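Across the two complexes that follow, chain A remains constant while its partner is chain B and subsequently chain C.
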Partner chain A sequence: MFHIVALYTGVLLKGALKDVVLTVVSSILALILGALGAIGRIYGGPIVGGAIYWYVEIIRGLPAILQLFILYFGLSQFGIDLNPLSAAVIWLVAYGTGYAVEIFRAGIVDVAEGQHEAAKALGLSRFTTLRKVIIPQAFVSMMPNLTSFLVLQLKNTTMLYLIGYADIMYQARLGADATEQPGPLYLMVAVEYLVISAAIARIGSRVERRIAAYR
Partner chain B sequence: MSNEVVVRVNNVTKRFGERVIFESVSLDVKKSEVVAIVGPSGAGKSTFIRCINHLHAFDGGSIEVLGHVLVGGTQPTRAELQQLNSKVGMVFQTFNLFPHLTVLDNIILAPMQVKKIARQDATDQAMNLLKMVGLQQKAQSFPKRLSGGEQQRVAICRALAMEPELMLFDEPTSMLDPELVGEVLEFIQRLAGGGMTMLLVTHEMMFAKDVADTVVIMADGGIAEKGPARQVLEAPRTERARSFLRRVLSPMAHDDRDLVANGGDET
Partner chain C sequence: MPVFLKGVGITLELTAAALGIALILGFLLALARLSTIRPMVAIATTYIEVVRSIPVLVLLFLSYYSLGQVGLKLSGPVAATVSLGAFYATLYAEIFRGGILGVDRGQTEAARALGMGRRMTMVRVILPQAFFSILPNATNQLSNLIKDTSLVFTLGVADLMFQAQAASATTFQPMDMLLLAGMIYFAFYLILSKVLARWEINVQRSRS
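Showing the complex of A and B:
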């Protein structure tokens, strides 16, 4: 059993690194789009706001695997052939955005009405009010959700092996077939995921304490 | 007080849905005049002064503020409103300081963002304002670390930093512990003495009598009485004003007929 661990540690770590990079990149993009989406949802009027509402409903309503399969296999039937990496990034960003919109929206709505009134009474523009008054406060109330968002994004990378993206799960799967030792291999994957999630949670609570110092 | 009218409220009506908050209210405020608005809860006093800087839209009539004309039922452009708001300061019952910013950053935010004043100049001005109220050593504190009275004085400084020509106060001392009311009222009195034009919604009758030039009693969806402060508060002419004053001046003397007259909380 130990030779399995020794044999696969390197490969699995390489796969895990890919997952971490994917998580970070897709989360950053999803959060930017999510913030814009939330602003559009709240201030965009019925058309923009309605479109974003439905986008969020679709992303949250459809099973994750189904979304991924539609994107990768479904679209290829219509001549849109994505390689596994681009499909992975597009899906993680699209999926993450759906959740990020709701996280940002809840955070923004959470900011008290008096803050809007005070900003307006001072003559601040809507953009400045959002940037300087609302978003910074929204960030604080949404930090816990943001941490679970990152963990969710990380866990979603496990599904990417289904479209042939060579991440940690893919390597473990190959190893399990080759060595007929799924136990130790999947256990190693579990440990790596746990370590990364714990690191995210740790960083999250640090940041939370930092930016909520005023409370 | 000069004869120049800076606020002209003309026949203004405000409804929330079907409910009429007040109807056909008219009021002129002259430069350097101090107008205190008193009246029972739910009479629409807070809503009324929010119409003046258009935090609330209104349904009928017109309001002329420092040369800007607001017409009931129409939406002024955002640029116009921003211009108006940068000339009218407002102080809230609940202070509404920005909790994530230090005292100093609360005060310099609008001057820097709206008037594009350099940080150093805005900071100098803010420190002068804080010195005026003895809070310069709190400049780097967050609002949560301050007492209510200190927060409200900072909120007034924040409004003054925009060098407003008119100040609106919405029950500035209602949320304060009794022993902190004095420090805030004293500051407002100093502003009044300095010639600031102001409209002040308050429950402090003695303060209204001492500091205001004009007292307006709002009740039952309109102005029950208005006139020179002493005259309105000491010798009101209308029965509605008399019954209100009787209740606030001797709250224990129940008069059932008056108590039925009003209900509901102020929004």
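Showing the complex of A and C:
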């Protein structure tokens, strides 16, 4: 068992690194789109707001894996063949955006109504209000959700092996088939995810504390 | 279409079985975390923190392949039920804990002052009040559970996702098949999120 651990640690770590990079890049993109989406959802009127509402509902209502398969296998029916990496990025960003919109929306709505009124009374424009008053405050209440958002994105990367993206899960499966020793390999995958999630949670709570102190 | 319906049946069976495990185990975990016995709190907390951080897909593989290697061979559906149940138990444990902690302390004190035992206080006073406050979160997780059952096709369990995959391979029309399955999943989501949510609001309004 131990020689398997020794043999595969390097490969699995390399796969894990790919997952982490993918998580970080897709999360940043998804958060930017999510913030824009939340603003559109709240201030965009019935058409833009409604469209974003249904986008969020569809993302949250369909199994993640089904969405990935629609992108990767479904689109091929119309001759659009994405390679695993681009399908993975599009999927993670599209999926993450759906969740990010809700996080930002909840954060913005959470800021007391009085703040909007006070800013208006002081003659601040809507954009300035949003940028200087609402978003800084919304950020504080959003922090715990942002941490779980990152963990969710990270966990979703496990499904990427199903479209042939060579991440940690893919390597573990190859190894399990080659050595007929699935036990230690999947255990190692579990441990690596545990460590990475714990690291995200640790960073999250540290940032939370710092923001709370700043407040 | 009939195979899809069969798949839906298996998806629902799996959901129900996993939900059963998750509710029972989750409730026990919540009680253990709230107890005053140190080792029990530690065990429950560790279980919740560890299992919650592992992706469902990895849990499925652990219970199906890894346990199989050490002689505990589970069939696909059993492994799927156990791992989904074990994972969702951690989520339900936190929901239950929040619900129980959310009941005003005065309620416990009043019940104790009336001479009720600890168990009776829990069953007769705390839980009925906690029940309605946890309903929204509980149904929310249920709709997540239904979605996560879509992962069990990786163990060869013939659920809705599995049938959609199989149909894609035979018809060469993956988009149509996946969208059909998607519509079924989405219908469940809408039922749980819209209809139940409305019912819950009505219940809560009539109670207050």
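Here, the second predicted complex is superposed on the first by the 213 of 215 C-alpha atoms of A that agree within 3 Å, B and C clash if a C-alpha of one lies under 4 Å from a C-alpha of the other, contacts with A are read in each partner's own complex, and residues count from 1 in each chain.
Please note the rule applied: a contact is a pair of C-beta atoms (placed from the backbone, for glycine too) under 8 Å apart; a residue touches a chain by one contact, two chains touch by 3 or more.
As the structure is a computational prediction, the values presented were derived from the model and not from experiment.
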Notebook entry, point to check: Which partner does A:62 reach: the first (chain B), the second (chain C), both, or neither?
Noted result: second
Next item on the list: Considering only touches as defined above, state whether A:169 meets chain B (first), chain C (second), both or neither.
Entry: second
Notebook entry, point to check: Touching A:183, do we find chain B (first), chain C (second), both, or neither?
Noted result: second
Margin query: Tell me which touches more residues of chain A here: chain C or chain B.
Written below: C
Item checked: Which superposed partner A:158 touches (first chain B, second chain C, both, neither) -> second
Margin query: In the overlaid three-chain picture, which partner chain does A:77 touch, first (chain B) or second (chain C), both, or neither?
Written below: second
Next item on the list: Please name which positions on chain A make contact with chain C in the complex.
Entry: 57-58, 60-66, 69-70, 73-78, 151, 155-156, 158-159, 162, 169, 172, 176, 181-184, 186-187, 189-190, 193-194, 197-198
Note to self: For a test of understanding, state which residues of chain C touch chain A in their complex under the given definition.
What the structure shows: 50, 53-59, 61-62, 65-66, 68-70, 143, 147-148, 150-151, 154, 161, 164-165, 168, 172-176, 178-179, 181-182, 185-186, 189-190, 193
Notebook entry, point to check: Which positions of chain A touch chain B when the two form their complex?
Noted result: 112, 114-115, 117-118, 120-126, 128, 132-133, 136-137, 140, 213-215
Checklist line | Of chain B, residues touching chain A in the complex | finding: 53, 55, 78, 81-90, 92, 94, 96-100, 109-110, 113-114, 142-144, 158-159, 162, 168
